[in-house]
Amino acid sequence: MQKKAIDAPINGDFTNKNILSIGQFSKKDIDILFNEAAATEKYVKKYDGTDLLKRKRLVNIFFEPSTRTSSSFHFAMEAHGGSVKTIENVAFSSVAKGETLQDTVRALEQYAHVTVIRHSEMGAVSVAAEVAQNPIINGGDGVGEHPTQALLDLFTIKQRLGHLDGITVTMVGDLKNGRTVHSLAQLLSHYGATLNYVSPKELTMPKSYTDPFKHKGIAQLEHQTLSGVLPKTDVLYVTRVQGERFLDPQEYERLKLTYTITPKVLKDAKKDMIIMHPLPRVGEIDTAVDSDPRAAYFEQMRYGMYVRMSLLALVLGRSIQK
Amino acid sequence: MQKKAIDAPINGDFTNKNILSIGQFSKKDIDILFNEAAATEKYVKKYDGTDLLKRKRLVNIFFEPSTRTSSSFHFAMEAHGGSVKTIENVAFSSVAKGETLQDTVRALEQYAHVTVIRHSEMGAVSVAAEVAQNPIINGGDGVGEHPTQALLDLFTIKQRLGHLDGITVTMVGDLKNGRTVHSLAQLLSHYGATLNYVSPKELTMPKSYTDPFKHKGIAQLEHQTLSGVLPKTDVLYVTRVQGERFLDPQEYERLKLTYTITPKVLKDAKKDMIIMHPLPRVGEIDTAVDSDPRAAYFEQMRYGMYVRMSLLALVLGRSIQK
Amino acid sequence: MQKKAIDAPINGDFTNKNILSIGQFSKKDIDILFNEAAATEKYVKKYDGTDLLKRKRLVNIFFEPSTRTSSSFHFAMEAHGGSVKTIENVAFSSVAKGETLQDTVRALEQYAHVTVIRHSEMGAVSVAAEVAQNPIINGGDGVGEHPTQALLDLFTIKQRLGHLDGITVTMVGDLKNGRTVHSLAQLLSHYGATLNYVSPKELTMPKSYTDPFKHKGIAQLEHQTLSGVLPKTDVLYVTRVQGERFLDPQEYERLKLTYTITPKVLKDAKKDMIIMHPLPRVGEIDTAVDSDPRAAYFEQMRYGMYVRMSLLALVLGRSIQK
């Protein structure tokens, strides 16, 4: 059994690669993926789905529950005509009998061609990838990576704005702990973006993320409030601020309010900007905004399906464009 | 985003309609649905399934567990060649993070073309339908409605007796709390039925249900025992009597026995009548009755699949008859 | 409703038979099944899957969780182009309302063509088979039978060694309580095997299993350690030794170590033998053995899918060979 490189750069060829982190993706790799995703979107809008992965089988292993992500991969596989078994209760079964993560994955992959794994612990998906024979896609490993979320965020921006170059993205909320904003910032650094970080001072973007961008021609600006930032924003990326991160509840309530996106707040925003959120939201965006044509947070989910369809196809050596 | 009418009359056109309550159905709408279901039954019996909904996707969201109903919709979609993701553990995921019902439904529907929702609270499905873009089918909302159950009950009668006009239907058990009998009675009122209500006096059919039928030429008769009623019955519809509804356990045991359907009890019944039950049963029908050709309660499930196949097809603008 | 024979010999014809125990299988029946499974393996390796069971529906009812077995049947059905609904939370639903096992199975089978049942209690699957109309496949009933596991074990040996006649099989571990070794020994007795039983004396193979083989020309040898046995072994079948079966923890630790399969232990083994394990393992086989070409325990899972695909096809009257 020849071991695959676990976390190798995509380097233009997705076939049989594991998709573990966004660090594997060059700008060219993102181009390949997004071309495939755009072609897939067109095809699905016209014909509802494809037969590209007919008879291919995905085992979708969720060691921690995530209805949204598991459903997205599930439908992505089926929309390509493939089969899926989503396993959401692994913990009740062999694992309870003392089986290792590696054995569970190696056993289940025997039935299928590709594996998605979600796990609560950082690094767990890579550990599984070390022994797996089929390509592994990381569906999120705790505070580690969630590469398909980052890629779908970027793809949403590309499809909605029409391009990625030189845009201004404003990130709001808990930027210290928000895995999605860290990954999106990293991807955006390929495109010469201006990044506004709006957060309470306890929850600013960590230096370990911002420092590497300094040499990449990325403008990075920190703010404590949204005022003044919105008129120049192309993408407003909102995240949850979780109360339990604050020492002072009053401070929390005060700040939370300043970040709540309402129709009134959006009066200052451009007509052609978009509003994103990784969901679930718990009040950060007023539901009155849902009917605003700039709201893109539900559509984000659909773009996620196209991106996941494309990744599944590409790691299996297929393309809708051939 | 243009909002759909939430609970609009079908009025001859199912396409893109929500299916929330049987009040939406005119007699003509029932005809359309049952013609489709009868054609579907024929087709499935001959060819096992169809490709009518190939590449269409159903998201089947069960906020409360119901193996039977979720499986019925699941197989209904797949028997039409479509894809399904049944989500039965929503509560463990985003909802636990504080997401609203509306957001959960709007997010998940992005992957699919039609949504089934089951919820423990009356009105919850309508609340979701207010914001949903895809057609929503109510899979039961607590003490509210369960329209597909009522429709499958009526379809079972039609297929087994050959017609619906002027039949005598005897309902037995807990008629006060039984959602299924309320809905079935409402549907039967279109067809000039005679309705016998057999129940203990604590559990009679509520006036709010029986009163509206008085102006529709429906004969309604209350009884405390089955004796004398069976010889004229075309459909015996049995429901569970739950002990905890009674104050007096002895009274419960006494009455329960009088309603137990046994081969002996059925000696008085017509040769061509049928026995129905929404299931699960807990002793109301003796298993010795299962081999009686008049027993229709398991077959009811299969008729349910045909009715659900037909609803899924019609709301998606398709028909097996075209 | 004509009742099927519940546990009838296959006798050359699988169509509409229940698959409840390996006692139903003659040597000829095993031949039929393995020819089908070998043809299926070839087909799946070449084309990923088939359309043999397109539009057929399997209801996969797991009253006790078993991710591996439920996934195997799930993918087996889908790899043949069929549909599946796997039900893993039956206990939360109708059963909780007091429904009998028989009613649950009779209700759910209405939607489908074949049923797989897993249950924690011996005999439960047969009880369901008594009333079921569709063919029932036993997916394991507690300390009772797990016929598809035994058949996949035998098929793995056949495919890996090329034949089954006159081989030497060494079984290691808890042979008293190990359902899999009992069933495999029973199947091997058709082929004139030599069986080595290696176990602590508290956990030897029960006489009720070994006695019937004495008249079938089977050599049976008991050992307490592996030393001396390996050089003549064609198949090393390892099972878990569960600590809680021992009265003396020190004795357990001592014996456990003597049964742990490591690269060093395997130096005495033949070059063309194979190592099997029903999984999950908890230390009985060192992971350093995983890369040894003689390790067959993960591949066993894939052979299981082919065997289950074949059983599903044959009971539904289909064959990939026609």
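Labels for the chains are A, B and C, by order of writing; each one numbers its residues from 1.
One rule holds in what follows: contacts are C-beta pairs under 8 Å (C-beta built on N, C-alpha and C of every residue); 3 or more make two chains touch, one makes a residue touch a chain.
On a predicted model such as this, the values are computed, not experimentally measured, just so you know.
Asks: Compute the shortest path length in steps from chain A to chain C over the network of touching chains.
Replies: Between chain A and chain C, the shortest chain-hopping route counts 1.
Asks: Is the contact between chain B and chain C built from the same residue numbers on each copy (over half shared) or from different ones (under half shared)?
Replies: Since fewer than half of the residue numbers are used by both chains, the interface counts as different.
Asks: When the Cα trace of chain A is superposed on that of chain B, what is the rotation angle, expressed as a multiple of 5 degrees?
Replies: 120
Asks: Hey, how far is the Cα centre of chain B from the one of chain C, in Å?
Replies: Once rounded, the distance between the two centres reads 40 Å.
Asks: For chain A, give me the residues that contact two or more of the other chains.
Replies: Expected reply: no residues.
Asks: For the complex, which residues does chain C have touching chain A?
Replies: It is residues 47-49, 65-68, 71-72, 74-75, 78-79, 86, 88, 279-282, 287, 290-291, 298-299, 301-302, 305 of chain C that touch chain A.
Asks: Taking the complex as given, what residues does chain C use to touch chain B?
Replies: 1, 55-57, 59, 83, 85, 87, 89-90, 92-94, 97-99, 102-104, 106-108, 110-113, 131
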